[in-house]
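Below, each structure is written out as structure tokens.
Each of the next two complexes has chain A plus one more chain, namely chain B in the first and chain C in the second.
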Partner chain A sequence: MGRYVRLYRLFVKYSLMRAMMYKEDFLIWSAVMVGWFILTIIFYQVLFANVSEVAGWTKAELLILQGYYFVFDFILWGVLWPNMKQLPIKINKGELDYDLIRPISAQFMLSFRELDLDNANEVILGVATIIYGLRLGQIHPGVVETLLAIMTVVAAIVFIYAFYFISICIAFWFDRIENLHYFFPSFRHLWKQPQSFYSGWLRWILTIIVPITLVTTLPTEWLLMRLPWKETIFLIVFSLVALWFSRWFFKVALRRYSSASS
Partner chain B sequence: MSVIQISHLQKYYKVHEKEPGLKGSIKSLFARKYREVKAVDDISFEIGEGELVGFIGPNGAGKTTTLKVLSGLLYPTGGEVAVLGYTPWDRKPEFQKQFSLVMGQKNQLWWDLPPMETFILNKEIYEVPDLQYRKTLDTLVELLDVKDILKIQVRKLSLGQRMKCELIAALLHNPKVLFLDEPTIGLDVVMQKAMRDFIKEYNRKFKSTIILTSHYMDDVKELCERVIIIDHGKLLFDGKLSSVIDRFARNKIISVVFSGEVNQRKLAEFGDVREYDFPKVRINVPRDQAAKKASQLLNEFPVADIIIEEPPIEAIIREVFTGKMRPAG
Partner chain C sequence: MLWSFMDAVPLVGMLVLWLNAFSTANTIGGYSQTSIMTYYILGYLYSQVTGCHFDEGMNEEIRKGGVVFWLVKPISLKRFLFVQEMAWRTMTMLLTALPVGVLTVIIAPQLLPVPSLFHLVLLPVFLVIAYTLEVMYSYMVVAMAFVFEQARSLEHLKWMLSWLLSGSMIPPEFMPSWLRGVIQWLPFQFRFYVPVRLTTGEIGGVAILWQGMLAMVWLVILWVFVRWLWQRNLRSFTAVGS
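After this line comes the complex of A and B, so read on.
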């Protein structure tokens, strides 16, 4: 485990070095992220100028959820997407060779080697939004609730990663499949809203079958001290099973890898 | 004791055949036609510790496929393989720490960063202790003479410089087995020589077992005492390079320097006149008749000098690859 932590620190360092090499790109995207953030805040200001709550959620509570959305957005686009976009290309061109012959988890190398730090400020903006929401709503979660909120964030990250990776592994079965790396991220719009916004069979599917709506809802509800124990245990177990499945699926997929002629 | 053991290895692929044109594309949507390609078709050999073996064959012969099975990149269709006692496609970390694969047309160095960063990364991946890392790195840097380029971005290095750094990255963990797949491809003659000298020195110094594939016969001639020739997935020859001539060559070459005018038509009766640049002539004759033909030439023509030579290895290998030559006798 220590080796993987050390390796990941090297990956972060190399990504930082590359970001500094292409600093114009970094600055422009950072500015774009700030722009999106401002637009989102303006949206909520305008919305709640007309209503006091939406489906039982106040402005402060929705801002907290939105803050988590920003954090997960960075995980998706900054941590996972730079690697997931390359994987189908590498599979098609037979460029997985060096990742498969080294004494380290190939899944780890292929999933986490690169980071796109252009939108790293989303984490700061997200945490700032959460803190602002807590202050606006005069909400004071305790240590236990805060720790459990962090735990559900970790479980949600594992869930996002597992499903994203599984969806990308489909590329092993097809000669060429472009834009596959956009398929899973398109579902992020579903966790932009709290779970209670959905109803009926849709809510059931998005909570039980694939608990997408729990991604931002659960950590928010912990900070709001609503104590969603059942859903938390469910998400943690589901994420671990999904992670295990992603590893098994990858091993199965590798048998189809035929490399490419040198 | 054998370090590499291959027994009746087979690797077959199913490839999709598509008829040309739009009609063919539409047809393939509904009914795909597949053909089986036997990339490796029942080959067996063993390689001992410290051997440096040339693995040669024409394009598509099955060389790279064999190396990839040995590296654990591919699962075989049939047969048994053991490298250092391990089954390669189990991909056990204990096995992966003991071998390395270098592919001339693929690279593992991080493109935007100096080679040094990839070395540090590999040190971590292979869990090389600090002291061993420093010692090995210093040795390799000196042997390959790359001290001045370690801190320059890989994308700014020349092909030769990149290949040298690729070798260092592959050797930092002192592998016992090294698979070199066309390591000198695309390099200029000076760099090719430098790489060959390095590989020879590395094999001598570290006693590592090396399989080398190359299309440059100079690589094979300079480095390998033993060659394995493969074609269409089948093993044609496994033995000393010097024995390739005995096994495959059907002819010898008589080089003559004449001291007077000769009748060319009469000369052609002796054998296949390959080069006629009077007074020098080179004639191909059957191996078993070489001495007799040479004696006849001496008797019937004004000869200043005469030599009986073996055909160049390159020519023999070329004829083997094109199917014009198969084992003699």
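After this line comes the complex of A and C, so read on.
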């Protein structure tokens, strides 16, 4: 485990060095992220200028949820996407050997080697939005609630990673799917709304089958002190099972792989 | 097919949000629940037809020097991109817009209004104008990629402006009056807001003529500007080993 932590620290260091090598690039992308952030805030400002609440959710509460959305957006685009976009290409070109022969988990190498820190400011913007939402709604969560909110964030990250990786492994079965790495990220639009916004079969699917809506809802509900114990336990168990399944699925998928004389 | 599915997910998210917003109000900003659903569904269908994405791939080609392969061909790169994107749009229309439209008619026919013959005739004209304007924005982004290494950020700038000013984020009626005033003079509204209002019959007579003239003026301005920018930046472009 220690070896993996040290290695990941090196990945972060290397990615940070690379980001700093192209300072203009870094600054421009940071500005772009701020732009998207401002647009989202404008949207909610305009919406709540016309309504006082949306299905029982106040502006402050929805802003907290949006804050988490920004944090997960960085996990998706900054931490996972740079690696996931390369996997189908490597499979297609038969270049996976370099990762498979290393004396370390191939799944770890393929999943976490690169980070795109250009949009790292989303984490700061997200946390700032959460704090602003808490102040606006005069919400004061206790230490336990805050820790449980952090724990659900970790569980949600595990869930996002596992499902993203599983969806990418489908590339082993097809010769060429160019846009596969955009497939899972497109679902982020669904966790932009709280779970209670969905109803009927859609809610059932997005909560039980693939608990996408719990990603942002649960940490928000902990900060709002609604104590969603059952859903939290479900998400943690689900995420761990999904992580295990991703490892099993990767091993099965690897049997489909053949090298191209590398 | 994958793109079609992925493009529909944001629409689902948006519809879910608005359905809930209307759970406690009959009208918001002059819109009823049905009219706001119609607004986003129609807007989504038209965006699928008029959207332009070739700048995403071309920026990478230019950065890596692969664009040389296209520049030496006996066809104008701009013309090629225009036609190639049009083929994509036709496919998107058949694989995405049409199924979603048919599905909506089956599930909730009240969400898709039937335009008058007058509006129905004008609609394709406005969609072609909207598509051509979108192509112009993409040309600008590609032209900038010849001299600017991080033109991908300009792609995002294009999408940001389009999202805010076309009416796809929120109908302009919800926005502050000063921003509404700005939007009605800009060309972005032709991608989303204008075709939707045309279909619902909320633009008529003189207003259509005014919108048509504004669109044509923007087309001419952008065409002249793109021509100048493209030629100027292409002269500055250098590639190694391709």
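Assume the second predicted complex is superposed on the first by the 261 of 262 C-alpha atoms of A that agree within 3 Å, B and C clash if a C-alpha of one lies under 4 Å from a C-alpha of the other, contacts with A are read in each partner's own complex, and residues count from 1 in each chain.
Everything below uses one rule, namely that a contact is a pair of C-beta atoms (placed from the backbone, for glycine too) under 8 Å apart; a residue touches a chain by one contact, two chains touch by 3 or more.
Since the structure is predicted, the reported quantities are computational estimates derived from the model, not experimental observations.
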Let's test your reading of the overlay: on chain A, do chain B and chain C clash or fit side by side?
fit
For the superposed three-chain arrangement, provide the angle chain B-chain A-chain C between C-alpha centres, rounded in steps of 10 degrees.
100
Regarding the shared-chain residue A:225, is it in contact with chain B (first), chain C (second), both, or neither?
neither
If you stack the two complexes on chain A, which partner ends up touching A:47: first (chain B), second (chain C), both, or neither?
second
Applying the document's definition of touch, where does A:28 land relative to chain B and chain C: first, second, both, or neither?
second
Should A:150 be classified as contacting the first partner (chain B), the second (chain C), both, or neither?
neither
By residue count, is chain A touched more by chain B or by chain C?
C
So, does A:237 touch the first partner chain B, the second partner chain C, both, or neither?
neither
Across the superposed arrangement, the tightest C-alpha approach of chain B to chain C, in Å, is 14
Where on chain A do chain B and chain C both make contact?
none
Give every residue of chain A touching chain C within the complex, in rising order.
24-25, 28-29, 31-32, 35-36, 39, 42-43, 46-47, 49-55, 57, 177, 179-180, 182-183, 186-187, 189-190, 192-193, 197-198, 202
Give the list of chain A residues in touch with chain B in this complex.
3, 6-7, 10, 14, 17-18, 21, 95, 97-98, 100-104, 255, 257-259, 261-262
Residues on chain C engaged by chain A in the complex (per definition of touch):
2-3, 5-6, 9-10, 12-14, 16-17, 19-21, 23-25, 28-29, 149-150, 153, 156-157, 160, 163-164, 169-170, 174-176
Would you pull the chain B residues touching chain A in the complex into a rising list?
13, 64, 68, 71-75, 91, 93-94, 96-97, 99-101, 103-106, 108, 110, 112-113, 117, 120-122, 124-127, 181-182
